[in-house]
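Here chain A shows up in two complexes: once beside chain B, once beside chain C.
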Partner chain A sequence: MTSSATPNAIPTATSPLDARAPGNARVRRVAGALPIAGQYLMSIAVSLALCALLVEVTGGSPGKVLSALLDGSVRSPGSWGLTLSTAAPLLVVAAGTIVAAKAGLSNIGQEGQLLLGCAAAAFIGTRADLPAPLVITLSFLGAMVLSGLWAGLAALMKFTRKVPEVMSTLLLGFVAAQITTFGLTKKWLLLATKNTSRVNNGEQLPDRAKMPTFTLFGNQVSWGVVIALVVTIVISFVLGRTTIGFRLRMLGLNSRTARRAGVSAAVVGGGALIASGAAAGLAGGLWMTGGSAGDRFTSNVSSNIGWQGLLVALLARDRASLAIPMAFVFAALRTGSSFLAATGVDRRITDVVQAMLVLALLVPPAIAAVQRRRRGTEGAS
Partner chain B sequence: MTIASDGVAASAATPSVLLSGITKRYGPVVACDGVDLALHPGRIHGVLGENGAGKSTLMKILIGLIQPDEGSIAVNGDAVRISDPVAASNLGIAMVHQHYSLVEPLTVWENVVLGERARLNREQACTRVAALSDRYGLGVDPLARVSELTAGQRQRVEIIKCLRREPRIIVFDEPTSVLTPAESEHLFSVLRVVVVDEGRTVALVSHKLDEILHATDEITIMRGGRVVGRSRTSEATASSLAQAVVGRPVSLRSEAAALGLIETVAATITDGEAPDDKPQRVATAAPVVLEVRNATVLDVDGHALLDDFSITVRAGEIVGLAGVEGNGQRALADMLSSLVDLRSGEVLVDGAVVDLGRPGALRRCGIGIIPEDRHDSGCVLDLSVAENLVLTDLHAVSGHGLLDRRLIDRRAAELMLAFEIQARSSAAPMRSLSGGNQQRVVLARELSARPKVLIAAQPTRGLDVGAIEYMSARLRAAAESGMGILLISTELEEVLTLSHRICVIHAGRIVGEMSHRDADLERLGLLIGGVAA
Partner chain C sequence: MSMIAFGGSILDVLSSNSTYSSTMRFAATLVFAATGEWIAERAGTMNISLEAMILTAAFTSALGSDLTGNVWVALLFGLAGGFLVALIQGVMSHRFGANQFVVGLTLNVLAVGLTAFIAAEVNPVVKRAGTIRIPLLARIPLVGEALFAQSWILYFLYPLIPFAWWAVYRTRWGLDLRCAGENPQAADVSGIDVNKRRRQAVYVCGLCAGFAGTYLTIGQVGSFGADGVSGRGFIALAAVIFGGWVLKGAVGGAVVFGFFLAFGSVFQALGYQANPQVLGALPYVMAIATMILFARRGRQPAALGRPFVRGLT
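Up next, the complex of A and B:
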């Protein structure tokens, strides 16, 4: 796509030296991109070094921590299959976030939307007495509808009462958490019929409601991975190659031009917000039925998948192709962290690593923005 | 500014600024090619040229926004390196930019002290602003809110911001582009005070011949990044300058109008020569294609932007809507772009009432628009040129909801050829195009949709002579092909040159109407100024 303003697109070759160098624009662009790649490498290195330092000063061994993370995420038998399966919901959340972002809207309520998706999938999965493929399809559809409607509330408030969607999606997330907690107190909703635990938990999911897996080089991989990739590719295609995608991007880039060209912000923007909510719901369905989340609905079942999916989209700078590797990295940090106990380092170190990575990857665009502003107006006039 | 005053004292022959051999390249484009320029204290130096001639680049080099690739700068005879605007400011160089950088919700004095590090002192700042205002006769109220000021008043605030630091060398970049004739006149008298009474150096960058002739002492003419002529203003004539600017003899009237030769235009109104060059009278029997009936548009505070406004445009007719900026023109264009809602009244296209509330409703029923601010609602800067050329008509370049890339590219190639759009390729981002070429993209898209009515709001603002000539010719041709054209312009010459019929807008209403044949400059001037005539 030619549309998104990437850091590489910022003219980097305006220093006198570069400008004098012969060659066409492409050569200069490649040459100009190198420092940016270097900036990324540098800032990632610095952030990892800081993480290592943190491990060191808290009495751990950075080498052992890295080794344990790699064991847990890719090296030990069967681990990368688990990592891939964990990456699937992250990727779907990110893909949905990208849809909203391209329309110029910030959906940051994925955690709540995903939680509702989990609840819907668990509700349908534990009740529908149907063949397995049908149960899973129904539970995913239910999850998408519920979460889509939830995001639709934010769209409704945005386009009728001008409530900023940043606020409404975020706050609706807390309401969603309250609703599911309430659901866990009622047997006709989510509470297990024979709850033995002190906390209220959901009914155990029957096998027919669980996502099947396939074996790849000795790793069990969830079919959710295939679904996630298909969803991401479809979203990428729709955004780039269809009229509705074009209208959506036009709305995000210049809403007044879009309006004059006949794009209704309420229809297209609202649709984008609902689609991003539905994607978070689908991710909830994938997470709930994928096995990693446990075998039943609990009030904290979403465990930050929504937030991390949002971060994946943020770090991919709203590009679907970059979201795929980013989702894998975040999933690897999740699965890797389970092996950290042996090293004596708190597993929450991975949260720090994630946070540092987010900061590291935000540095180069920030530098570019500052440079662009310093340079003032570009080009001759 | 001790350096500067020393220089003035030393000798009038030492130029206060001497640029030698300045060269600046942007890839293959040479913005400035070995430019020499000397500015002398006590004189106004006009820098004349079309857009893209390199004037602005040269001035940005002088105030440190851009670093030259080659060449040297001397201030008062001392070689200097101006690495950034702070360095320029320390050397006593300041610039009043074409686009104002004022914070609208703040008051004048707040804007003036903005960016200062010292403790804020309201009384002192207000006194200072008032003193400067008095000294130069600017008439600026330090307590006024900037959002309530006219373009001319805002410019005077910018001038105060600039003069407050007592610069010895002041650059004005296209200062009159949004001013009324009277405001321009006032600006030039202020410049005289600054130069003659205070011995400062002024560079006036402009593409308008008449103001260069009227307000300067010496002239440097640039074309294509080079200096193509220098002259004392007293020895220059309009036609010699025009020829130097364009690089060939100027004959077309639209060109002359673009260069600001009002007398040429006025002559064509009164004398009967060259009848084929004169807008023909449109038969009053031609069908009305656009009718705005009693339209009222309110702003957020409930003030009327358009107040019971009515206008009709017939097929094949160019209706010029003259008026000073800020009298409702923007609301009219927005309303006709389906961007604002009517409080009351209605819009008819081809005799049928249009449902204005729906996005794109007016475009669908045949209204094309070249908006006043193309970046605001005319194009999408982050999309490619090809995408910008098709964005209002996706149906034509798609099938089953899928975009046909090949068709988009082919259509873009055709339009780029037909409308002489200069771009690296059709895939280049709109942002990378020059203003004139961006405007051509908008024009190409709107005209190729074959609308019944074309609204052209300030279509030539900020364009150079060649582009203005081109735009005028296109508008005339479109009208001849039967399109109705509503030309909204603050440039009186433009309205006079192009229109069959002229309406005057003031405070959101039509205050007068006359046919081209009856156009009377004096009456027009009074109407525009809001004086009933």
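Up next, the complex of A and C:
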């Protein structure tokens, strides 16, 4: 999570450490990148093979699973529009996670923050009697404020009482789940006025509170995709090209230097945590209004979007630009899993695949670290 | 409801035998886990895959029970499950230099997905471990039943805690381990293999979490449910902070949090009404509240959560 620090950076041949190899810089870069790319491919292949083995052992057919996943995510008509729309909240969660991670902070409570964002968006969306664009804007703002404040609690605890944010963000997630469940017991909060279901559900969202879609090559794509891309690009720009982004990264790389340079850990770090919470809230708004989550708030509406967005950030190694394709891959696994029922394999196999992918991408840098260490000791002796 | 009635209900809860038994049942998982986590943290690892270790152990012990029907085999399976997660965590973060939070987090998500997937395919049937009533001791008022008339897996706690204390404070191994958590550079110079000690501490933590998970499935609940662990690992982590990185504090914290986990069911069993969401949030709120109060006070291991790389840092 705090991984922008050196031990976890992707070792590339362009790093100054490797400058001792002779030859033309570009040749060196390509030659150095090839085995690393190969290692990544290898470890991804191994992890997918392990998942296939798991399916085989439990009596399923890996080939059918793969084919069903592809059908559900991109091949069947209209499916890749759905996948793109699902990728939007994942991407926004990941982008927010990257902000906190760059500041050296581990926000792992996105699931709870996203749930609160969904709740706020549903609350405003079902109540605000305004024109459509205004309703959606308001519900997104409300979601961002609520989730940002929720993450702000963790920031407050971190910078006044030294409570590790890894734990406070996660534990606050459990509290958030209870709060929304409570909201679903009260009609003045989230409970539908005429709840016919056995469990408590929220009011149905009116059409004006739903995200509009546009048609692209016969696929319905939510405008949320555009919002997510803009948010990611803005975050990437702010982190990489502005003073505030520089301060934030400095705080993450070396907090002592940052303090000497006049960067307030509480202001910048706290701001980063709040921003990551607000992003999770916005993702909640996108998820709630996007249609894939159903048309009303329920206690399990977040259904792991927060966790998966967090994994996307890990997979992208805290690079916003890499998060875009990764979010698509994860969304494809998610939408693909709805086609798994026909194969008789439990859909949670995709959760396994997602986590295995993240684990797989940890291996090549690990190999590189071991090789570097070996080389280092040889040089010393 | 007046304050007096509320105070009366709390008194009722505190004077009921079932409160203590129930607290102990909920606390046992946390105490096992917190003991392991304490060792890992003293060596410098903030081991957030504790949750994954407990969950995996809870699942593998259910699997062992399903396959053989033997509680000892289930225990072995549970220990192996906890150890397996610890092996990945330890090797990835303290041999291959991967970020320990990233590894831990990934393992948590992997454990949730993997156990839920396999449980859906296999659907393990669990045979519970028997209750053993220790004569005389179980007759101590209030706490006797709680401490000495429980599932026998819980009794592993009583030797484990003093043994963990002895191993960490009274052996060479423990001294090295604490040194690796406080000042890894100095430890390295004096010839201690820092990352090896840290790995070993994580393995020990995995075994303790193995007991925790096994107790949860075989001793307490009697079935495996994916949401049965629901943040216990993180509450155990909070218990270590609550205890100021001292073993007796961590154990005490785990018992206190066990009380709050048990509180809801005991409170309702005694006939009192309370908002179920408030009761559900109580353990997490209390974990957060105690961290607010005590995170500053405790002296955490100086190198906690920082990777060790030899050379200039």
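A few comments on the model shown:
Keep in mind that, in the parts below, the second predicted complex is superposed on the first by the 346 of 381 C-alpha atoms of A that agree within 3 Å, B and C clash if a C-alpha of one lies under 4 Å from a C-alpha of the other, contacts with A are read in each partner's own complex, and residues count from 1 in each chain.
Criterion: a residue touches a chain if its C-beta (ideal position, glycine included) is under 8 Å from a C-beta of that chain, and two chains touch if they have at least 3 such contacts.
These figures come from a predicted structure and were not determined experimentally.
Once the two complexes are overlaid on the shared chain, A:I108 sits against chain C while remaining clear of chain B. Of the two partner chains placed around the shared chain by superposition, chain C is the only one that A:A366 touches, whereas chain B remains out of contact.
Residue contacts after overlaying the shared chain place A:R247 against chain B, while chain C stays out of touching range.
Put simply, more of the residues of chain A are touched by C, taking chain B and chain C as the two choices. In the superposition on chain A, A:Q178 makes contact with chain C only, while chain B stays out of contact range.
Once the two complexes are laid over each other on the shared chain, residue contacts for A:R161 go to chain C alone; chain B is not touched.
When both complexes are overlaid on chain A, the residue A:L216 reaches neither chain B nor chain C.
Judged by the touch definition given at the top, the superposed model places A:R260 against chain B, while chain C stays out of reach. Once the two complexes are overlaid on chain A, the chain A residues touched by chain B in the first and by chain C in the second are 2-3, 5, 376. If you check the complex, the residues on chain A that touch chain C are 1-3, 5, 7-8, 54, 58-59, 106, 108, 157, 161-164, 166-168, 170-172, 174-175, 178-179, 181-182, 185, 307, 310-311, 314, 346, 348-349, 351-352, 354-356, 358-359, 362-363, 365-367, 369-370, 376. Against chain A, the residues of chain B that register as touching in their complex are 24-27, 29, 31-32, 51-52, 54-57, 60, 65-67, 69, 225, 337-339, 358-361, 363-364, 369, 376-384, 387, 391-392, 394-395, 398, 401-403, 405, 424, 427, 429, 432, 434-435.
For chain C in complex with chain A, the touching residues are 46, 48, 88, 92, 95-99, 101-103, 105-107, 109-110, 112-114, 116-118, 120-122, 230-231, 234-235, 237-238, 241, 275, 277-278, 280-281, 284-285, 287-288, 291-293, 295-296, 307, 309, 311. Taken together, the chain A residues at the contact with chain B in this complex read 2-5, 9, 13-14, 16, 19-20, 25, 28, 241-244, 246-247, 249-250, 253-254, 256-265, 376-377, 379-381.
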